[in-house]
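In what comes next, subunit A is part of two complexes: it sits with subunit B in the first one and with subunit C in the second one.
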Partner chain A sequence: MKVSRLMQSKVTWAVIAEALILIVCFIIRPDFFSISYQPSTGMLYGSLIDIVNRSAEITIISMGMTLVIALGGTDLSVGALVAVAGAISLKFLRWDVLTYNTPGDYTVYPYVLVIFVPLIVCALMGLFNGFLVAKGGMQPIIATLILMVCGRGVAQILTDGKQFTTGYSPFRVIGQGSFMYLPMPIIITIIVVVAVALFTRKTAFGAFVESVGVNPSASRLSGIKADTVILIVFMITGLLSGIAGLIYSSRIMSNDSNNAGLNFEMDAILAVVIGGTNMAGGKFSLAGTVVGSLIIRTIVTFVYYFGIVSEATMAFKALIIAVVIVLQSEPVREYFAKRARKKEGVSHA
Partner chain B sequence: MHNRQSLLNRITNPKYIMVYATIGIFLIVYAFGAFMYSDKGFLTIRTFANLFIDNAYYGISAVGMTMVLITGGIDLSVGAVASLTGMFIAYGTTVLGLHPMTCILASLVMGVGLGLLMGWVIHYLNVPAFITTLTGMFFARGVCSLISRESIDIHHPFIDALAGWKIYLMKYANGQWVRIRPIAFINFNVILFVIMIIIGTFILQRTRFGRNIYAIGGNEQSASLMGLPSGRTKILVYGFNGLCSVLAGVSYALYVKSGWNLSLQGGELEVITCAVIGGTLLTGGVGSMIGTLFGVLLKSVIPALITFNGNLLSWWGKIATGLLLLLFICIQRFVVTSAGKRK
Partner chain C sequence: MKKVFLLITALVLLAFVGSASADVVIAFSQIGQESDWRTANTDDLRKAIETHPGWKLVYDDAQQKQENQIKALRNFITQDVNYILFTGVVSTGWDEVLKEVNEAGIPLLLIDRLPDCADRIDYVAAFGGDFVEEGRRQVAWAGEYLKSIGKGNQDVNVVIMEGTTGATAQTGRTEGNLKALKEYPHFKLVGQQSGNFTRAEGQAVMESWLKSIPKIDVLIAQNDDMALGAIDAIKAAGKVPGKDIIIVGCDSVKAAFDAIVAGEMNCTVECTPLYAAFVVPTIEALERGEKFDKSVIHPAEDVFDMNGGIDLGTVKSIKAADVISERRY
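Entry: the complex of A and B
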């Protein structure tokens, strides 16, 4: 009984898929799970650490995306917001490339602005998305398409279409520093995941989101302010995209408005869906999303091990994701449920 | 009932308001361009013909996308499939030495097959269209990169002839036909685009299949209860969209004469934007080919304006497109709410 219920849960399939990929990695490369300590940087090294580290941006964004999808929507603008956050922070670090023409260990404007202005702007852009959805009554996919189209344009115009680089060391800490032997992005990810989990599960907010996702009018009648819930969810997603944008641009110590956050919205949505949250809205699983995000990153690492060019990973990603999605699809799960019931019937007889 | 409506009633049907809005705004933007840059030749037929020549591949893809959107679905794989078609043609002719038609046929099998497969998964496995076609996009893009990571030039007499073939626009003056000045022409891509729009209009307006598309988009459950073949229709629509993506890829390959694994990245959203600006609702059930045609023109006139200005960064084009999208969605909201009130 318990096993059959587990087999019907989408999260189980995600965990099984991740375990299988890891096992194959281990068979190919027995040193896959080894983790070593590098005293010079004060950080742990290893493939597993690398997978978690590199999945940080997607995990952070997909925390917000989980809530958006639980509302029954999708947010396409997150990738563009990553580019915007990078552009703004680099703009404050360098301001005018002609006056400060060599990148070095300095910042033109205070570090507080470098960090908080991008976050505030991204949160406001998220709020704009939420406003269009909640007050304008638009479909989320369309409302966020606007910023997805404009966002990169805004990022480019903020930096006059130029790419700035910087060497400011406190900024480097965000993406390349370490804390408690772990790379900084992992620490930030853990903080974000715990914060979102506490906010949704320890307050009634998570229940509100699920309720609005299942039936907005019914939840409005039962006294939930659906509009406010939508506004907050989109604002959180915007803010988290901003955090991911800071990590991304700190990794490359530069802004890259063309490529920063490219296809992040797609990866984040996939992570959420693989993690077992239904795109139609309703129940969501943050733990599943984290597993989903790890799966996506593990596949990339996995394909590297076969020595296949990085762009072609997409094809393998597609194949593995297709298998996971087909296994999770309703008819297949029903088939398993039916078989489980049959077996039970036999044992009772 | 419908044929008893007077012409006036038919024209003022709220169904068409979005199309009128698209045409109206296109005319306003075009008139603005004509007013600002008439000295640089904005008002010539050449500029107008170039709108078609430079955007034919988006237009061809938008025909299929409009149908998918009317069923209430979405297809994110079109850019990648078009890019893969370009790779097939480039790799096939330049590296393998095949005839381009063989490559195009192989692409058609690939594109239509992938479309039908995605339609099947969407309908029978009940996987959201967004996720299914996203996986399709990743797959096609990945195969592009497997074929080659570098741009491959296409050198083949057949392709050169097809890409170089053009009809000059003529005028009748002093008893003979002469080319108009400045010289304006239309090419194979433009004709393909126009033919696809006509085919799309015919399918949507004049066939049972087209009416099924609208019915499914309006309400799939009631369409199925009425006995309409919703599964078959949806699968065929995705297959047709695959065909359109491949034709768009052929058209793009003729336009740039090369295949590149990263070409047309984000093209799917450009195409969806064209359809939405043209009055197609993403909720399904509403949309038309003529609207999409003007949506493509409206979206392509903005980069043209920025080129004519000469001082603006091309990025303003993206911002303008976003604002246009916002404007249209607001109009749509207004139309939908006012239509709801009238009921």
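Entry: the complex of A and C
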């Protein structure tokens, strides 16, 4: 690919932004990049691993969000579904909360239920969103607002407004376990990203999504079942929010209906936008979204690692994101693409 | 048949007498069920007022929305209740509705979170936690504990994990933390960051600190949730929580007791949600015609740790394992 084409791609600029942040980290403290082996957990240990590990929830959710945005919509309910998934699994893990007072290594329910019921419920809730949009003709932002508001309430009711803690070690594996020296959330993220990429790019589904996003009526006339596409996309997003919810609750070994997934919808939308997918719908980039999610987490880790005072944290994050968005703006990309084109022109002559 | 008739008459009479004597109506506008702490707070007050002879409770759960609370307060005025218990979900924007309460002449009792306009309105009594003292106790416990194990003269690196920036509990506890740090010259503050009062963020902040700060001896977490999150991060770094790093939490939730008994956490400073023990006698006294000044009444709070017996000046720590079975929240 020619440099001028690369310069015009938003994904390139997302990668450049991430690289710039990491270079700044390296200049301030080179040991930010140190990675060592931690024998007690059997995992690699370092800030870069933390960034990828802690971005898992947002990366997974934003895989679904990318498709929703490519359809021209947004899904605001993802954060609430994270809380729902956590509440259901903890409900199963701690059904015995009155019998056994301390969180121990036992569950009275088969482990399958702890994992699959939350995922099924979240997928169904996603399907409900899709149903309102496809069959009810509602704006996605309004349709998903319903579950955004009441999802957290459902989670509260399920757990009687309480925060359960569990010690059940098979549950710990999801968020704190390891596989091939890597934290389990990273492995799950890789599986999800590859699965979504294969599903959208190796089948015609990705093209259907882009087509519906650009013009639903035209795609319907050309034989694409727009309703089915919308239903599937929202169901996938619901399911992925459920997976993120399990990771979140496994990390803290408890449900936190008030805070689990709080503002995740905003982070996921931001990841998709930084990744170069247009909010108006149409073409989407899963790779860009992954980079977007990493940028968001790198900023958070930067704040923690270098001890930015907590009062300034928000302003600092906003500043970096503003810089990233400006870097990606049409005039900046066009300027660099032009320069690259000139160079290419010179070398050809 | 006659007996049944008599019984019914007796019951009807009893019910009549019962309703006639239920003359003190106490209305309670609660924020909503935002945390275990809040749930315990609600349960405690509701139970105490509902079971009190001669009192009747009108309870409203605002589901964390200010407009719901304003609506509830206006309803209370229309119902002409005898007392209003109030805690605001946010600190500002209460002037108008609380003045309406004043104009209606209904005695107002402020609990837990005091509104900004507290000095511009009339209230008969106020109850609330002493966040500055809680913050002081956290640092003082670490200092006195280290003295008690003979490490009082060693240099100690302290990190403070703060709550949600701007929350009254965060500002108060930070003030207390920083004030108390000055009393222990060997304590050096090496990190200060917000963990937003949640387990997940507490974990992430600790995880980064363990990599960026070469040596951490004491973690002061402004609530137990963040401390519990940090414990997992410390384990993941191959360190032993409670031994390599001393962990002091705040709030005294059940999960913190479990962690202390398991030896993974060292201390938790209490912030009690059980207000009934103060509110009920106060209302009884008001009924008798007694008056209270405008100063805030602080509930008595304890400090719980692994072994007990650490003297903090105002209070002596209690061994967590001894009282864990009595904890209700």
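Throughout what follows, the second predicted complex is superposed on the first by the 323 of 349 C-alpha atoms of A that agree within 3 Å, B and C clash if a C-alpha of one lies under 4 Å from a C-alpha of the other, contacts with A are read in each partner's own complex, and residues count from 1 in each chain.
Note that a residue touches a chain if its C-beta (ideal position, glycine included) is under 8 Å from a C-beta of that chain, and two chains touch if they have at least 3 such contacts.
Owing to the predicted nature of the structure, the values given are computational and were not obtained by experimental measurement.
Could you check whether subunit B and subunit C clash or fit when both are placed on subunit A?
Once subunit A is superposed (C-alpha atoms), there is a clash between subunit B and subunit C.
So in the superposed three-chain picture, is A:156 touching just subunit B, just subunit C, both, or none of them (first/second/both/neither)?
After superposition on chain A, A:156 lies in contact with both partners, subunit B and subunit C.
With the two structures laid over each other on chain A, which partner does A:142 touch: subunit B (first), subunit C (second), both, or neither?
A:142 sits against subunit B, while subunit C stays out of touch.
State whether A:240 touches subunit B only (first), subunit C only (second), both chains, or neither.
Once the two structures are laid over each other on A, A:240 reaches no partner at all.
Which of the two partners, first being subunit B and second being subunit C, lies in contact with A:322: first, second, both, or neither?
first
Which holds for A:165: it touches subunit B only (first), subunit C only (second), both, or neither?
A:165 contacts subunit C only, not subunit B.
Touch test for A:313: subunit B only (first), subunit C only (second), both, or neither?
both
Check whether A:87 is in contact with subunit B, with subunit C, with both or with neither, and answer first, second, both or neither.
The answer is neither, since A:87 touches no partner chain.
Thinking of the overlay built on chain A, is A:226 touched by subunit B (first), by subunit C (second), by both, or by neither?
A:226: touches no partner chain.
With both structures aligned on chain A, tell me which stretch of subunit C collides with subunit B: 1-9, 19-27 or 91-99.
For subunit C, the clashing option is 91-99.
List the residues of subunit A that touch subunit B in one complex and subunit C in the other.
Shared contact residues on subunit A: 153, 156, 160-161, 309, 311, 313.
How about subunit C: which of its residues touch subunit A in the complex?
33-36, 38-39, 63, 162, 165, 191-194, 196-200, 203-205, 207-209, 211-212, 225, 228-229, 232, 235-238, 255, 258
Show me the residue ranges of subunit A that touch subunit B in the complex, using the header's touch definition.
Subunit A residues touching subunit B: 74, 76, 132, 136-139, 141-143, 145-150, 152-154, 156-157, 160-161, 262, 266, 269-270, 273, 279-280, 308-309, 311-319, 321-322, 325-326, 329-332.
Please name which positions on subunit A make contact with subunit C in the complex.
29, 31-32, 38-41, 43, 45-47, 50, 54, 102-103, 153, 156, 160-163, 165, 176, 248, 251-254, 256, 258-260, 300-301, 303-307, 309-311, 313
Report the residues of subunit B in contact with subunit A in the complex, numbered from low to high.
Residues of subunit B touching subunit A: 74, 76, 121, 124-128, 130-132, 134-139, 141-146, 149, 261-262, 265, 269, 272-273, 276, 282-283, 313, 315-319, 321-323, 325-326, 329-330, 333.
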